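Labels A, B, C and D are assigned to the chains in the order they are written; within every chain, residues are numbered from 1.
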Amino acid sequence: MSDPLAVTLGPLTLNNPILTASGTFGYGLEFTDFVDLAAIGGLCTKGLSLKPHAGNAPPRICETPAGMLNAIGLQNVGVEAFVSEKLPKLRACGATVIANVWGDLEDDYVTVVRALEGADGIAAVELNISCPNVRQGGMLFGNSPPLTRALVAKVRAATRRPLIVKLSPNAPDLVESARAAREAGADILSLVNTFVGMAIAPETARPRISFGTGGLSGPAIRPLAVRMVYQVAKALPGVPLMGIGGIAELSDVLEFLAAGATAIQVGTANFKDPGVSGRLVKELTDYCAARKTTVAALVGRAHRGGGRVGGAAGAEG
Amino acid sequence: MSDPLAVTLGPLTLNNPILTASGTFGYGLEFTDFVDLAAIGGLCTKGLSLKPHAGNAPPRICETPAGMLNAIGLQNVGVEAFVSEKLPKLRACGATVIANVWGDLEDDYVTVVRALEGADGIAAVELNISCPNVRQGGMLFGNSPPLTRALVAKVRAATRRPLIVKLSPNAPDLVESARAAREAGADILSLVNTFVGMAIAPETARPRISFGTGGLSGPAIRPLAVRMVYQVAKALPGVPLMGIGGIAELSDVLEFLAAGATAIQVGTANFKDPGVSGRLVKELTDYCAARKTTVAALVGRAHRGGGRVGGAAGAEG
Amino acid sequence: MKADHRATLTRRQIFSPGLFSVTFDCPDLARAVLPGQFAMLEVPERAQPYLRRAYSVADADAGAGTVEFLIKTIGRGTRALERMPERSTVRLLGPMGNAFTVADLPRGARVAIVAGGIGAAPFPALLRGIAKAGLSADFFLGGRNAKELSIRARFDGLVPGETVLASDDGALGEKGFVTEALARRLGAGTRYARLYACGPMPMFAALAKVVGPARLPSEFSTEAEMGCGFGACLGCVIPGTEKPFIVSCSEGPILSPEKIQW
Amino acid sequence: MKADHRATLTRRQIFSPGLFSVTFDCPDLARAVLPGQFAMLEVPERAQPYLRRAYSVADADAGAGTVEFLIKTIGRGTRALERMPERSTVRLLGPMGNAFTVADLPRGARVAIVAGGIGAAPFPALLRGIAKAGLSADFFLGGRNAKELSIRARFDGLVPGETVLASDDGALGEKGFVTEALARRLGAGTRYARLYACGPMPMFAALAKVVGPARLPSEFSTEAEMGCGFGACLGCVIPGTEKPFIVSCSEGPILSPEKIQW
């Protein structure tokens, strides 16, 4: 049998389906004390723009029940510094690198993607059209199917790399957004980005985050993200999906696979538990071995009516 | 000074702004061991339909991080049994009763509201156009501004009672829904109902709830609900709002007031802590007394730039 | 009257790994609770469990002010209970639900108690009540294996009658399901005035097929996922014969099997 | 190397209500940590806190394998720590951040340490290091009132120099802000080779105005809301003079005041 953990998402084949989500894994190098970067399926970089970007004023984050709000504002070193300083180290670690990119305008996205074309060691590009924490660009593209379509088509023409489009859970109609991205050339859809939320400090009545609103992430959003993955998988069968939202344990991974994701990304949990992604790879390996199954067989099971995995799971007494 | 806790929402005046949310407080009578029903601002009944309704097959609920999913399916005793069996007891307790109503079709709503017109002791009617757990009616009305408009107008014509319309957080454009409900005659808007979510049992790959999807509630959704209240308060200044979503502590109440709600409803927290609503009334009373302020003064503060309440809150450190 | 009580863990007794009893100081609940009733326990844990968990009161000592629960480790809530340091405090909402009925039986009557695994939980208090009422009781305890039957230690000296053990593998007591052990007794002519049962759904389903034909009046202590435990959420329904759904926390948890749509 | 350590609570010392120290068995961290570094503590609590909390390591005993934190009760995380039964386990991620620099100072040099309230937390280890390096140190400890200064008990015998107390109300030590007490010493001609400070933002802002004109090289142990503690979330930034934002967990927490945009 071939490797039971390997997964194929259109043009992208990964050793295993456990990736780390953009903005929650730094540039990967912050995690080398905790995770063997070669052992996870891949990592999505912090959102890259052409020029270095300073991000929003602090406070940028605040804790919420089973989650957090953030409005980092896409602070990043810029694509040039990423390629010259970070990428060589990541390659030396054996990491599978997915470059997450964003821009204010259509052309910004195209320019960043072009700038990455020359670099070696990038497995795929992930377009962030769903960041709620910048005044222009970001989520604006993701919330309008026509804008999504136009942007994805332009970027598609600019790269031969596997193209992932990251969808916004704040879109008025998620399935329409997904369809637009797919039809314009996305190989893979990743979902979801953060949900627009707000927290107000009761004593001062001011928002806890300087930007006002922030993106909600963490286990709190998991039931919403699972529903969205299920919904898109059902509406667009055959389109490879990466599931994201509140994943912290093996059972969460299995839930997203069952809902129709072929791979998943671990986000906020990396902050609380920086070794979590590596541990999930091990736990998933053990799970498949114990049940003599493969990850591919676990994908989309909820759409096929479910049923116990691997036969003889003793009936409850 | 008049009662510092009293609030006025258009035609509806309440002793205080702490209510309990529909479907999370039974018919009120389940709580008499834990709460003095006369002491809270009001209670919203379980959603009433013309005929008794059986609801969905079990399992109907499942726990999620800092919250729960439910698909009760609007099981209720029907408006007639409510009026003859429950309402007299509620009146005897001195409760301020808000009748939450729903239907499959426009006319169902109208018929229920008419059936309530004859009954004494109902302070207001709350239209549930946002329940995600029934195959027809419910959320379908709330997710389409034209349907919302038509339904609310019909119901408006059928009752002289204060009319509250409960909005769906799943609507493609919440502000448009709010505007439609308001323009069609809603006196008050309450928001939010539950968010459509899903949980899948990893071992069986089947949804944990027989209905498939369920509504997410509890502290997990609070940052989303606060954002929505803020957003509607900003877009429709002057429209009285009731804030709902994950409220369990005094600081949560203050947060919703600051965001622009004039009253709030406590939902899922009633399950975990059945005395919570009464305790919040006491804590809010103490808060206002200590700071020599009124609830009315706390409403919408985040829109006015915030600032410390009641002056001399000593600087930290 | 139902109330939300503060309770302090004072004792943990382990029967076998994952099967244990916890005793709390909780005088008001100890005084109020009847056999078969339960309490909603709030576990001090991380993001989950968010909701409380229902536990049948196994026994209560009004004099000492303590209530005891028998627990099987399943998931987050029970793992937390297993680990909880002594003197930790929890909240207990109760007493909830209805109770087993015993008072109407004449002195000397003979009853059967059927428990599957952790389904033994509500019976220490009931057995004490039965003995006090001058009844006799046969206690049928089933489990998959000897480990699951380790809980029998809690019943030493409590049973005013025969104790019948059954295990799926026959390692302890009779081989096969506990319902079969009961059926054999009934087939051999033993008669009971009433049967009390608690266990997993498959056991109840099998038992319903035994007690129905035997016209043996029965009280089943049922289990459903509960949001509140006092009739407010309508999350805990069980399909019924007389109406579509029974609200198991407030109309139950003790239900007669004819009312349940199997 | 940073790692996620399991740690067991072995000791709690209370200075006054809401001001206490906790000591954990955590040998690997005890060996690795330097004065000024911190750890990210995961509190076993309900739905919140979801994220870990940063705490400066107050002292570490590599021989005994223990690390100690000084804590002020503020909100959920600290209330949980205050209540946590002994022998509870927590997770500690560390060591994190940079450390105070001492090694470059010549023997006999005199330094100042300025702490506002719980800002005293990182200084027991530093003071031991300073004494070992043969330096002398004046310890300025400020607080709103006598209660906030109760933490001085932790410094008995640790200060190789003068201890200067200041309270807003003058109940203990000099009246007024601790920064004014320092300014008076500097005005009277006292010279320090370096200043180490930790406290709330208003104290830092006042202090920056004192050390700048005095050209006193300073290391401020800063505090910002942290999501991760190791540079991954970019949540903890502080406006900078040389670049827009300093990532305070990985470039700090110890920063020189010139680099901060006040």
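Note that contacts are C-beta pairs under 8 Å (C-beta built on N, C-alpha and C of every residue); 3 or more make two chains touch, one makes a residue touch a chain.
Just so it is clear, the structure is predicted and the values come from calculations on it, not from any experiment.
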item: Where subunit B and subunit D overlap in contact partners, by chain label; value: A, C
item: Greatest separation from subunit D - chain, by CA centre; value: C
item: CA centroid of subunit A to CA centroid of subunit C, Å; value: 46
item: For subunit A paired with subunit B, centre-to-centre distance based on mean C-alpha positions, whole Å; value: 34
item: Chain centre separation in whole Å, for subunit D relative to subunit C (CA means); value: 53
item: Centre distance in Å when subunit A and subunit D are each reduced to the mean of their C-alpha atoms; value: 37
item: Junction residues of subunit D - those touching two or more other chains; value: 47-48, 50
item: Sites on subunit A at which at least two other chains make contact; value: 64-67, 218-219
item: Of subunit A, residues touching subunit D in the complex; value: 23-26, 30-31, 33-34, 46, 54-55, 57-68, 70, 72, 75, 218-219, 270-275
item: Of all residues in subunit A, those that touch subunit B in their complex; value: 64-67, 69, 172-173, 195-207, 213-214, 216, 218-224, 226-227, 230, 246, 250-251, 254-255, 258-259, 298, 301-302, 304-309, 313
item: Residues of subunit C defined as touching subunit B within the complex; value: 1-4, 42, 47-52, 93, 224-225, 227-228, 230-239, 243-245, 250
item: Residue numbers on subunit C that touch subunit D, as the complex places them; value: 44-47, 50, 85, 87-88
